[in-house]
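Same chain, two partners: subunit A is paired with subunit B first, then with subunit C.
Let's turn to the complex of A and B:
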């Protein structure tokens, strides 16, 4: 078990079959992204324009940041249903404090992110100390965060936000098009997380814990501490996603984020990360996020009815999971 | 409130609190229990007659429209000395959640139940409740068929759409190169279809008209509508008339236009007349909106319920709770009121 763990974890797979399987799960999403882009470029000349591509990056930035946190949790064989609701609560906390209560905007942002971090820590403690299944824990916190969002906002959208709160919606010109700081932040966070996951001891411990918690613990990894750190980091990322969302819409919207949990799980799975834990990459998640975003955008440009967009997303998810399962079976 | 396949799935998993007993109802139950046990009830409780229980079931708890409706019902119930029980589906397509709430309210002894029906999925339960002697009034949207409930108190949603359709047509009269985007709520929404059809009727076009360049599902919320409008603008940057199902959707559309520096010269029309929405009409983001009156629906419903419980009088048929076109730029041939009126009568 330990030997297998070591081989797969450190990238020198002994068998050609395993190598092939890993190649599929790494390259698969990229190929899908390329094929989808080519398809939409052929079907409509409005798809492959710098303006539209810029738009897609803006549209996926929020789910992109959420999906980083979701990736961390899924890598430990967990799942987080609460991410969208926690993010929505974060947006209400930061906008309500800044607008209604006149709190310094930077402090309001910090408190909004802090609340999300708090939810992450709560999820982590319930999973590690009480040893409750992540699915149930985050189902609970989903409802708690949802209720708190609607209680504190009184169902009202909060507008007229001070500049610092909406900073990540601002744009700059690059290569003849506009890019929002929110999109840049999403990519930067992805790269930082990728670096930490693959190049640091702590990151490798996340993979080890997800792959086989018992083996990891016997090998000296403090798995509960790793799990707690993962959930806390995810909470922090949801807080940052809240800030990006507020920048994008310019308001604190209590209705936001209601489908973001499934959107983020979809992005992670389509990006090739295994729901069984221990395998996958946050770079794949970025690609998965883009695939989902490109499908939504492209199908809309083609005038395809919304309901078919869900149909296609469903097919993509099943395909991605099937590929993962098949490659696992071969490996075993 | 928008209901997509994905949303439905998560909310199926996610289970929001589906129904709720207000504090008043708890005390009422306590009174009933103590009376039933024959123990020495307090003089105050034994002196007063059993309070009338009225149930209110909204499509969801997370939409300002229904929240205001609930608050209006709570206020009226307090005035009439009735006890209000409230329940809600998880989203606008959770018929099962509404049925559960309805059944529970009948068990709890509600004399009248006000419901904003999701779909035909609640019809059987409504009929069953009526056969048990409960008065059932549909609020906001009709049951399917409409006579499954005793009465319907609602906005004429088709007329609401028609008014803004006529307004848009008159406002753009004589202009050429009209390009229309339609922002619906979600596939299968009854109210959404009525407003959509009403708008087209008022504008004098039909689905598939070449002037319609983009049809999107904004879910009735700002975030999704913004994303969809961005895509619509990519598809056709020349869009100059936008119909939106409600005001949050209109604000999302405006934000997308603003990001492109195109907010001027695009006519956005909407439905609802919430205070934030009328504010959007006042500051010019929305050209006109059809204002409806959820507080009125709730008030009339509670009054009818109490009247039935005390005097046995059953209401029937359709009561139009009214719709008014609100705009600060009136056009000839379409009656409208200004935002001063709109703000004085708004509900959010």
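Let's turn to the complex of A and C:
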């Protein structure tokens, strides 16, 4: 008793430490976002212009949508290495069908998204039915999707896309800034996912399954069904990301999205979601996406060579994982 | 206890057998739990106590033998089926989700939904009602925790145990089973859990308790089911036998006097 009282006085009881770790993981990303913005505003004249901010929102939309799916999977203590490659394959399917095969653009879009959904279901079945580790499963599907992308595209970029396929690249003016529908879609999907994860039975089961799968199963949560739904939804989101990507670039490019795998994982962990599952928020992921985007953009404005952007992204992701790991260890 | 013996057992098992490869974990075990009692399951390590309660709670399916609930044969294929029949289990590792809060853990797997259209169509949870009912269940058992919104990882070992017991007690309409609920706890917190167990009994739900702590068992149990080598070797009461005699039965130093009366 006495020992506990004294601990509390010095703010060292486990409850306070955990509360502090929570605060760091929620506020940390916001502070990092603020600091990065201030830094780049001071160091470059162009950072804080409406054109540049508009550019950032366009640049982050694709990774923003991918990272929503990635968040779902990481919340279940999994990881998806295939997301960028699956998205790239989705773009090739929808553009090639619409242009080369003259399929109705809306049907082409649906089929492209459907292929991504199929990959999500495949990942989910391999993880739940065969109980293979997500890391290995998605490493496999990463390579399959990558190969299919290059086989079906013949390494050719597909241009002259019909209007519906590039719809999400269209812009409108808002408060003096140019904003694409793709960015709006990314934010809307983030908010919908946040609602589902925090307010619905299924969303709470995602957290429980990620946090303690055995406890969830014994409590009557159908954990395999939850996992399958998570991977399928993630696949669907990759398909939507493919549509946003095609809108942004205006072409079906087999080389696109190669850094998107790591970028989406970086956005999720920088946004404060734990790789150990069950903790985190898709709103944090939105902040993480912005951080990654602002670093990329700011470094570019500073004239830093692109290869250093990779270096900095690497440091960022390790830093975020280290913070997560250390705060977990403190609780153990 | 003669009135007890005349009643139908709430939960009963006859001749349960469970093999793990060459190991025989249960070798024709019998089991009886009567209404309103605390039954302690005692026995040496490896005697088959955990295996027995796993069979009773649907976590494993026995190779042979029968289980009866209020005299009716039942065949649980998984823990969910046992829970649907009013049998709740507090597992040794508690089976809580540490990052979720107390209310969410209490209602995990049976969340309350809003009764309006968005509750039905979108399966939106009724958070205020769950917080309210969680508070009532926790207060019911006189468990001392601050807020229902506290995550379980911020609780002490005794408080966590309290949450796990409260969850079982809140939903158990027939039986609460606990596997070594005090094994990892200090003196004060063990005392809290024993009080909880009495509280559950006072509300009319019989409790099956596995424990290696003889003084504790003799303090709280109405009857003791002694296991040895996968069988029930005796059923005794704290009044009929001493601790030394109970230990002798467990180790086989004393032979049982055949099937004993309750």
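FYI, the second predicted complex is superposed on the first by the 318 of 332 C-alpha atoms of A that agree within 3 Å, B and C clash if a C-alpha of one lies under 4 Å from a C-alpha of the other, contacts with A are read in each partner's own complex, and residues count from 1 in each chain.
Basically, contacts are C-beta pairs under 8 Å (C-beta built on N, C-alpha and C of every residue); 3 or more make two chains touch, one makes a residue touch a chain.
All values reported here derive from a predicted model rather than from experimental measurement.
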Clash or fit, subunit B versus subunit C on superposed subunit A: fit
Partner chain in contact with A:155 - subunit B first, subunit C second, else both or neither: first
Contacts of A:170 with subunit B and subunit C, given as first, second, both or neither: neither
Touching partner for A:201 - first (subunit B), second (subunit C), both, neither: second
Arrangement angle, subunit B at one end, subunit C at the other, subunit A at the vertex (C-alpha, nearest 10°): 140
First, second, both or neither for A:278, with subunit B first and subunit C second: second
Of subunit B and subunit C, the chain that contacts the larger number of subunit A residues: B
First (subunit B), second (subunit C), both or neither touched by A:253: first
Touching partner for A:218 - first (subunit B), second (subunit C), both, neither: second
First (subunit B), second (subunit C), both or neither touched by A:100: neither
Overlay on shared chain A, then closest C-alpha pair between subunit B and subunit C (Å): 31
Overlap of the subunit B and subunit C footprints on subunit A, listed as residue numbers: none
Subunit A contact footprint on subunit B (complex, rising order): 1, 4-7, 9-11, 13-17, 61-64, 67, 186-187, 214-217, 221-223, 226-228, 230-232, 234-235, 248, 251-252, 255, 276, 348
Residue ranges of subunit C touching subunit A (in the complex, touch as defined): 59, 79-80, 83, 89, 91, 93-100, 104, 108-111, 113, 122-125, 127, 150-151, 153-156, 188
Subunit C contact footprint on subunit A (complex, rising order): 1, 4, 14-15, 18-19, 199-202, 204, 207-208, 211-212, 214-216, 218-221, 278-279, 331
Touch list for subunit A against partner subunit B, complex: 44, 46, 49, 51-52, 55, 58-59, 81, 139, 142-143, 146-147, 150, 154-157, 159, 245, 248-251, 253-259, 261-263, 296-297, 300-301, 303, 305-307, 310-311, 313-314
